[in-house]
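Chain naming follows the written order as A, B and C, and within any one chain the residues start at number 1.
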Amino acid sequence: MTLATLIALPFAGGLLCWLTARYSVAACRWIALLALGIGLAWTLAYWNHGSGPDGWILEEKISWIPSLGIHFQLSLDGLSLLLIALTFFLGLLSVLISWHSIHERVGFFHFNLLWILAGTVGVFLATDLFLFFFFWEMMVLPMFLLIGIWGHANRNYAAVKFFLFTQASGLLLLVAIVGLAFAHQQQTGQLTFDYNQLLGSQLQPLAEFWLMLGFFIAFAVKLPAFPFHTWLADAHSEAPTAGSVILAGILLKTGGYGLLRFVLPLFPDASETIAPYAVLMGVIGILYGALLAFAQTDLKRLIAYTSVSHMGFILLGVFAWNEVSQQGTVIQMIAHGLSTGALFILAGFIYERIHTRDLDQMGGFRTLAPRLAAFALFFAMASLGLPGTGNFIGEFLILLGTFREHMVLTTLAATGLVAAAVYSLWIVQKVFHGKPGKTQSLPDLNRMETLILTLLLLGLVGLGLYPRPVLDVAAGPLEALRTPVYVTAVETALKEDAP
Amino acid sequence: MNAAIEYWPFGVYVGAVVVVIAGKLLASHFLGERHRERVTGEAYESGILPTGTGRLRFSIKFFLIAILFVIFDLELVFIFAWAVAIHELGWPGFWGLMVFMGILTVGLIYEWRMGSLDWIPRRPANKRSRPSTLSSKPEPTR
Amino acid sequence: MNPADLQALLPILIVAGGALLVMLVLSFKRSQTLSSLLTLLSLAAALASIPMAMSADADRIAPLLVIDSFGFFYQGLMLILTMVVTIFAHSYLEKFRMERGEFYILLLLSLVGAIALAQASHFVSLFLGIELLSVSLYIMVGYIFTRAKAIEAAVKYLFLAAVTSAFLLFGMALIYARLGSMDFITIAHLLREHPLDDPYLLAGSVLMFVGIGFKLSVVPFHQWTPDIYQGAPAPVTGYLATVSKIAVMAVTLRFFYSMDLHQQPGIAAALTLIAAASMLVGNLLALFQDNVKRLLAYSSIAHIGYILVAFIAGGERGPEAVTFYLSIYSLALLAAFGVIAYLSPSDRDSDTIDHYRGLFWSRPWIAVAFSIALFSLIGLPLTAGFMGKLFLVSAGIQAEEWLLVIWLAANSAIGLYYYLRIVIAMYQTSDDPQSEDSTAPPFALIIGTVIGLLVLSIVWFGLHPESLNLWIRALSTQP
């Protein structure tokens, strides 16, 4: 199986789902499950696969648009492997949670779901910048439809807002990508979008800065970083549960991945210039997101704002640009995918039962549904970064790595952990403690729901207690990313710092 | 700017146009007779008193025939131009004209078959009968 | 005029002959199907004759036309698009009780003008082509004369086109007065000696651009567009928006590039302004439309603005990008108008957004086709529009037109919103059963197949743009 089939799998699965749903809804769900299952198994099979001489585990390159030097070029390394595994895993869970909650237009739903995943896998694999952009844009449209068709009351507004934000920033990305390719051509006389070759381009400082900004804004919107976060709450709260899980668990990670993979290696000097501001944006995001989360009365909106807060750490970790902080970033991305995904799933379960997301109408669920409450408590604790969960490892490593670079800002960011404790406990207290409100009966989790949450729980605990395998897989690629083709002064300084 | 001065005749021409038109309008305004009497508004028919109203209804057919005449008459001008240069143009010119005549003939056939040359459509040219323009009442003005 | 010349002119001759044939047959047998079949046949014959015409040993038909692969590509494109329009029109007109055969005569005649424009290299052929194209269009726009809107549109188009033709003619006259030539090549030579700030030339080129700008409907000559797009029958609008614009764009490309006008500082600045204004005004006004045809009209203004970015950029990639974008834009737009024609009952075109509410759930195939066409207009991946945007942006960036390129990106983002409104409407769940009669139009299968083919080609070119782009890159213009 090649890398292209890894993308083709959900693609074809999606089409097949759509066509079979007309005859059998169950068949459609099983096809989706099967496609994602195969993908996950395949990805995990490469976990300990050695990498080639140039650092990639697998590579593929086919000429696509020769007149512009564009190739269909895919490469897999440890970093993309982790994120692809996360994608397939959360995709599987999304199919499972939709099993009983999506009854209308099942075929088209799974079509969209699988196409988002296909686009995301493409984003994580593409090493031709244009191909990357192609997939980057491609995952947006099915997400738009997912929110727009199966969303809640205010879905159209949320869907359009999501689409406009991502597309507008995406166009900036396109301009920046093409600009970079032509700048490279001016130097070397060769027009190429190949990531490996563009890494070596030496740009004019001014050009480098503007091109970097195009990349940075696109990724910051997706992440989302502080001034660009406004689409997130609407999109999350209006999306169906599976949509929220994918959005929070995977789509946001493409922003972090883009920063790690493209912004810093391609524009080391300009990134250095912007780093303090980016870290500041991260810190503002952490604190402001937490503050907003605390002010929400809508459960899904609340969780959405916690994402803003957690994603601030990613910005912090990426721009500190050392081994510890980067390792933390990777762990944080995975842990956030699992824990926030779980919280959205929980919110979805509650919504299915009482048909509201309003916190004021909840309360006392602990006595009504003890298993639900237990899981919720765990994931809320994970979200606030309790030691023993993956989130703790991620946030701790990030803060550790950043502290050396930006002491004051890191200290401020650390107070975000306190805020996280406040809103996490707030959820638990509001929803599960106190007297039962209007809701008198609440069915507890059934077997499938328990299974889903148990899987997530195991993942988080595993990541928290024994992060070694993940760190090992990510170490090689991160090292490669930190070693630019030409070593700048900044870089040598960083190396001296490293133990 | 020198170039602009170079084109002074053009400016003079434009100016002349304005002056002549304005002059005509003004002259007729000042020189023209102005009186309002009983017969001022009446149509002038060589001194003979008009009978009936000037707003006669003409059949649309008149216009159609007139247009057709103009079209075919104009083509004559082209043929005339060819006839003048017949020796210089030789056979290619002849065949060129033949193509031209062929196109005209097709047009004529079409016109004929469509019944445009019939004053009163005796038989409809196609299956559906079209209302006769002559007998139809004028559309009420809105 | 020797046999080689005639051979090179085959496409034009065949289309013109087709018009005569349809007229002759119409005199004896009034049948819409027969007329449209003959039209299709002559279009196909003209298309098939292009390889033969290309092999002809002729450079130019002095002095009016040039024979080159650039012209033939545009001719082929317009022939294919007109074939599609013919099929749409056949189904569309079938719903009306009126004389329908004449439509095809007009269509073929206007196409003669259009494909002559693709080869025009002289003011006379330029003017004749534009007039032949427009005069037939006046009648086609108002063809459904039972609709007040159509008559209004036809009259508006007639007046405005006539006025701007006068501008064009006057501009030509001024340039001729100064340079003493109406041939593009000679003018190009003479221009090297004459400074362009000569008032005659400046006034002449500005006036000419008014005429051309009107046909392309760029700001500030765009006001006619929405009314005419809305009033004209959907297939005619499709024709007007694609073939007529392609023809004018082709001749504009030839005219400007033969004398490098787009690189003259003053003219480049004016073009830049026009491009920027067209993008902004077209997109902003499209935001407020509830009528799909008006919306597409305003968006077409913006799209011409996008195309102008590559046009101004010039260089190696500019004309290629223009040609590529124009081709795939036409495919998408024609598919969209095909869908509108498909869904329109006989009393009016279904052109308000409300008509499309819940379409995806009642007629999924046609809705998917419409969505893909709209996605291509937006420029989403997997559709050809995406690749078109890429080529435009590449051309712009290579020429370092940074501001224009960023302006293009920003405007595309505005454009997203109004296209999405239609898409959202289609995917919305309509709770009340549509009172709209959902009967299929006449010959639904054929028209559906054609729309399907258009959409497939959009997706194909979106995945594999080189299959079209390699052709375009190989095109050459004959000086």
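In this section, contacts are C-beta pairs under 8 Å (C-beta built on N, C-alpha and C of every residue); 3 or more make two chains touch, one makes a residue touch a chain.
All values reported here derive from a predicted model rather than from experimental measurement.
Asks: Have a look at B-C versus A-C and report the one with more C-beta pairs in contact.
Replies: A-C
Asks: Select the chain whose centre, defined as the mean of its C-alpha atoms, is least distant from the mean of all protein C-alpha atoms.
Replies: Ranked by how close its C-alpha centre lies to the overall one, first comes C.
Asks: Round to the nearest whole Å and give the separation of the Cα centres of subunit A and subunit B.
Replies: So the centroids are 74 Å from each other.
Asks: Quick one: report the Å distance separating subunit A from subunit C, using the average Cα coordinate of each chain.
Replies: 43
Asks: Averaged over CA atoms, how far is the centre of subunit B from the centre of subunit C? Could you give it in whole Å?
Replies: 33
Asks: Under the stated contact criterion, what part of subunit C meets subunit B in this complex?
Replies: Within the complex, subunit C touches subunit B at residues 1, 20, 23-24, 26-28, 30, 97, 197-200.
Asks: Where on subunit A does subunit C make contact in their complex?
Replies: Per the touch definition, subunit A meets subunit C at residues 64-68, 105, 130, 134-135, 137-138, 141, 144-145, 148-149, 156, 159-160, 163-164, 167-168, 171-172, 174-175, 178-179, 182.
Asks: Using the touch definition from the top, list the residues of subunit C that touch subunit A in their complex.
Replies: Against subunit A, the touching part of subunit C is residues 361, 375, 380-382, 386-387, 389-391, 393-394, 397-398, 402, 405-406, 409-410, 412-413, 416-417, 420, 424, 427-429, 465-466, 469-470, 473.
Asks: Note which residues of subunit B are touching subunit C in the complex, please.
Replies: 3-4, 7, 92, 102-103, 106-107, 109-110, 112-114, 125-128
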